[in-house]
Amino acid sequence: MKLRKPRPEVGVVMGSDSDWPLMEATVKTLARFGVPSESRVISAHRTPHLARAYAASAARRGLRVIIAAAGGAAHLAGVLAAHTVLPVIGVPIEGGRLKGLDALLATVQMPAGVPVATVALGPAGAVNAAILAIQILAQRRSALTVKLQQYKRELEAKVRKGNAQVQLQMRKIHG
Amino acid sequence: MKLRKPRPEVGVVMGSDSDWPLMEATVKTLARFGVPSESRVISAHRTPHLARAYAASAARRGLRVIIAAAGGAAHLAGVLAAHTVLPVIGVPIEGGRLKGLDALLATVQMPAGVPVATVALGPAGAVNAAILAIQILAQRRSALTVKLQQYKRELEAKVRKGNAQVQLQMRKIHG
Amino acid sequence: MKLRKPRPEVGVVMGSDSDWPLMEATVKTLARFGVPSESRVISAHRTPHLARAYAASAARRGLRVIIAAAGGAAHLAGVLAAHTVLPVIGVPIEGGRLKGLDALLATVQMPAGVPVATVALGPAGAVNAAILAIQILAQRRSALTVKLQQYKRELEAKVRKGNAQVQLQMRKIHG
Amino acid sequence: MKLRKPRPEVGVVMGSDSDWPLMEATVKTLARFGVPSESRVISAHRTPHLARAYAASAARRGLRVIIAAAGGAAHLAGVLAAHTVLPVIGVPIEGGRLKGLDALLATVQMPAGVPVATVALGPAGAVNAAILAIQILAQRRSALTVKLQQYKRELEAKVRKGNAQVQLQMRKIHG
Amino acid sequence: MKLRKPRPEVGVVMGSDSDWPLMEATVKTLARFGVPSESRVISAHRTPHLARAYAASAARRGLRVIIAAAGGAAHLAGVLAAHTVLPVIGVPIEGGRLKGLDALLATVQMPAGVPVATVALGPAGAVNAAILAIQILAQRRSALTVKLQQYKRELEAKVRKGNAQVQLQMRKIHG
Amino acid sequence: MKLRKPRPEVGVVMGSDSDWPLMEATVKTLARFGVPSESRVISAHRTPHLARAYAASAARRGLRVIIAAAGGAAHLAGVLAAHTVLPVIGVPIEGGRLKGLDALLATVQMPAGVPVATVALGPAGAVNAAILAIQILAQRRSALTVKLQQYKRELEAKVRKGNAQVQLQMRKIHG
Amino acid sequence: MKLRKPRPEVGVVMGSDSDWPLMEATVKTLARFGVPSESRVISAHRTPHLARAYAASAARRGLRVIIAAAGGAAHLAGVLAAHTVLPVIGVPIEGGRLKGLDALLATVQMPAGVPVATVALGPAGAVNAAILAIQILAQRRSALTVKLQQYKRELEAKVRKGNAQVQLQMRKIHG
Amino acid sequence: MKLRKPRPEVGVVMGSDSDWPLMEATVKTLARFGVPSESRVISAHRTPHLARAYAASAARRGLRVIIAAAGGAAHLAGVLAAHTVLPVIGVPIEGGRLKGLDALLATVQMPAGVPVATVALGPAGAVNAAILAIQILAQRRSALTVKLQQYKRELEAKVRKGNAQVQLQMRKIHG
């Protein structure tokens, strides 16, 4: 007997399926914290009705946070934020040109009243969008706070491990 | 007896009424060429339904070109372009910060399939949006082509007049 | 008899008291939604112990979101985020130089694992930090969701009012 | 018996034949909509007479829109616009340096009176120049409007197909 | 009896008479070195025929160097360089937006074969265009070399005078 | 009877006496720590011999650190660093154009082997150049270390005082 | 019998062990001048306690200079500088995005009172951080001054050798 | 019997022999016009004495123009210009970081009185430095003017040839 899948709490939206290799890290980070998510390819400019419908129904469907990733004139996060009062997290994606400055500015410079919580360009942003979403979900689920504290310790452990590697390299130089 | 006003052919949309002092030049330039226009304050993020409704009904209502002016994460032109196949002209507006680079990039860097015809930042862009709209309308109304040619001659005359001014200044230096 | 003040849920931290005129909008927006907040001047570089102590004790003291505003090499939000698993919202402040690009990049480009939810430069960002904080608090308090929906309608009303102003201007031109 | 080729309505001008691989998409998009075009390599700086002659005779020869692609100090679109009242669409091309910011600014920042309808840098811009030209031609040929609406639906279908791909990937993660 | 004015050797061209206050320094610096010049307001986009005619006839009329000042999509210097083999010096003018970065890039990033000798933005560039022109004219007139060496000594004297001022200020601090 | 002035340990060099109002803060900060300094106006481009002579003789004359402030193509710090093995601190000065980005990049991007210790643009940089110089001098004079620790406490006190101001403002809002 | 290793005078801190290939040049340059150093991987955001502890104890443990390398929102150098009065040298590291502009601005734009001595992006900066540290240490150890002068001569010799290579190439062209 | 080599008229100076592959185009273009040149590797920061000596003696040794290529904090052209009244042409070289913006700004933003004639970044600039030098030399040698006019025709021919290539491609599309 198959168990019913838990209802997604985070919607991960991307402008094109070519963004998947980047946004996979978002989904996997959420999964690692036990946060169910759904993914959608929605274009603010090519499927505006979908964008509106998705954002407008998001809260009703049980979503608590929306993550939106887009490049170039990255309107996706802003367009979703226009149709919902859920927190919308924007991941600017760097294309080949202008090194992502266009996507960053188009995502972050929202007018007063309609915020987009913008995270870093590229892979760091993909992970951080998930972590930020989890920090938001932790408002109601204290178990996530415990996991976030554990995650912080793991980050620290990784840095310490990196430090050990560098000590080995130093010994090669200083003998 | 009052004559019926001609049906607007160009819709001039701006994100805030604080953009009016800039966009007034667009309306006046259109008026000078005898092109009837309408103006609307519509925010892509604060009144997304209005934005969609405006663009979706624009062609039906007889509009032939849409001009959209916005600053910051300037999504307005792109959002309108998503809902119409009319040509959409974008005027990036420089706010106090980043000197308008954000608005320029957010307007021009549209994805393949959904163009925004972007003109210069600021006052030059406000005038040029009107001229570009007139060049587009001239496709069906050759009288506008004649007026555009006349306008080009006036621009030239203005440059020649400026040149005369400089000759006066030169004489002060060279005696 | 004086009532006890409600415990602050949002901590609004700024690098200098000269940031107050900007961040006052954050506090007032929170107050308008009935969200109790506290404000602190804490410098990441001049009072690092304070920064650490503030962030480390924030959750324990009942804070649920931290908003941090800073300019230049804007490390404040990142430093606070390093010491807490609460969501940290960063407001980049533009100084006289580089038009705030330095503050924006120093706030948003956080490494994987330690996000800062970055909002727009300047006044829009000050308001949006509050709105984003309220969206986050609304996770546990559905009354805030209702207020946010009401706020969205007010934003829309403001745009419509601006539109009415522009119609008056248009009549002056088109007669 | 050979049929006479239809007279080109769009002139696609590029600064160098090395731009062809990019601009081929412009020509092919036009062809797909049944819009006859011609292509020319013309340099604003190396063949200025050609540039002038081309623009000055364009309307007379039946062209209705000019598309100009150039990189670096991208003067081509502006120089053509100086000699015609036809709409001129500018495609900024990114070279290896400055990531195309030079070409973008040199194309879009035209003075009042002489607009260049600027589209995005790179491949998206090459396609969008064609779509914008078609939107302009559709002013007189309503069949193109129908095709543009069909094209919008195809863009949407492509996004939905991308979405299906991502759902497959999601299933691999969530099981 | 009036003496015939010497034939101009340097042509100072500007895109608008509003550039005169800046370019006056160019003319005055040339005059100070005894180099006869002429000034013209010519717009690459509004008076393209004038631009071509001016550049094409420049050498024939005895000019030896052309200085061209323009802002925004600053094509003027490049357009003149396309029509002459005389050295063309470009002075990028900063407008209110983008702080002159547009004018600088549009002036300097010329394609191989058609150089524009670009000098600094703003007042320093206006003076330096004159000095560079004089350095070029000094190729045939060694008297100018002597004057340039004298000018270098005057620059030095001015720095030494500034130094004296600072010593006075220092004494106020150190007593 | 007048006491002999102490021999300067820090040389504060600026490209123009117009930089004095900014660099006065450097001299005053040094004076406040009891560090004797001298100031010079030296231009890398107008008085290159002076620049060389100053740097080449600096160590011999007892200087231990050189601070150099310049704007635009800010070569001064680099040129001095080329002629001495003393630490050279560069203060980039923002002119009216490009917001100091030119000065910052021209100061900091030195080639391997010839460092310039670059501090922030503008007033913060002027103070920090002094503090950095004092940190360097503290290598041999531990009394300066004690003063630097005291200075850090004063910075902290100033932040706490700013915090008190903000608490007053908060009370006005929250009653 | 094993000799005791000399106590490190320079601490080389990097945000991740992936920075080692770059920062190895710092350690090797220090070693070449006989300056003992230690290396640590410490993240301002992932191991903030470590960062504080390292900086706070640095002087006590005998360190005289700290070098900190980080990319993105490069807070590491600033965070260390907040906890010590030792000179802190910042090496901005360019990641794949924004070409290191983020790291440069986040490192250099420190507030008044807490300087970071910033060197160039990338490999040149890694070497120059070491040279600058040695220039600082030379304040108390004149033997290092002699070595720095010798190093300057070697740099010169390398340039002369490069010149000889170019002469060979020239002969191939000019015969 | 070997003929004496003609005395170089143009000095091509580069900061490192790694710039040779780029600057070879400068030397070859000069050679193609029959202009004798010499090349030197001189670093403004590593061999400042050489830089000064080279510039100070250049005119005396018969040079008429100096071309200087450098990257990063590109001071070379400015340092040479400080020591000569010959025209100095600057070629900014893009390194791996900041895409050459640093070199461009450090070369072009010279203070009033000491111009550097700046050409484009990269390969186009390397060729254009030579063409500009030839335009300057043509002041005294009219044979060069004839050659420059011939070169302009060749540039045009190359564009026409490129055009022919594109016509072939067009035929593949349009049949």
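Each chain carries a letter (A, B, C, D, E, F, G and H) given by its place in the written order, and its residues are counted from 1.
The rule we apply is simple: contacts are C-beta pairs under 8 Å (C-beta built on N, C-alpha and C of every residue); 3 or more make two chains touch, one makes a residue touch a chain.
Remember, it's a predicted structure, so these values are computed and weren't measured experimentally.
What is the minimum number of touch steps required to go from chain D to chain G?
The fewest touching-chain steps linking chain D to chain G number 2.
When you check each chain against chain B and chain D, which touch both of them?
Intersection of chain B and chain D contact lists gives A, E.
Of the pairs A-D, D-H or E-H, which has an interface that repeats that of B-D (more than half of the contact pairs shared)?
Matching more than half of the contact pairs of B-D: E-H.
Compare the CA centroid of chain B with every other chain's and tell me the farthest one.
Measuring from the centre of chain B, the most distant chain centre belongs to G.
At the place where copies chain A and chain D touch, is the share of residue numbers found on both sides over half (same) or under half (different)?
different
Just how much do you need to spin chain D so its Cα atoms sit on those of chain H, in degrees to the nearest 5?
Chain D sits rotated relative to chain H by 90 degrees.
State, to the nearest whole Å, the distance from the C-alpha centre of chain C to the C-alpha centre of chain G.
Using C-alpha averages as centres, the distance is 36 Å.
Could you please state the distance in Å, as a whole number, between where the Cα atoms of chain A are centred and where those of chain C are centred?
Computed value for the inter-centroid distance: 20 Å.
What residues in chain E touch two or more of the other chains?
Within chain E, the residues that touch at least two other chains are 43, 46, 72-73, 98-99, 101, 108-111, 113-114, 116, 120-121, 124, 152, 155.
Which pairs of chains touch each other?
A-B, A-C, A-D, A-G, B-C, B-D, B-E, C-F, C-G, D-E, D-H, E-F, E-H, F-G, F-H, G-H
If you look only at chain B, which of its residues touch chain D in the complex?
Its residues touching chain D are 59, 64, 85-87, 89, 104, 108-121, 123-124, 127-129, 131-132, 135-140, 145, 148-149, 151-152, 155.
Can you list the residues on chain D that touch chain H in the complex?
Touching chain H: residues 5, 14, 16-18, 20, 24, 27-28, 31, 36, 38-43, 46-47, 50, 72-73, 96-99 of chain D.
Provide the residue numbers of chain H that touch chain F in the complex, in ascending order.
15, 43-46, 48, 52, 72-75, 78-79, 81-83, 98, 101-102, 105-111, 113-114, 116
If you look only at chain C, which of its residues touch chain B in the complex?
94, 99-101, 120-122, 124, 152, 155-156, 158-160, 162-163, 165-167, 169-170, 173-174
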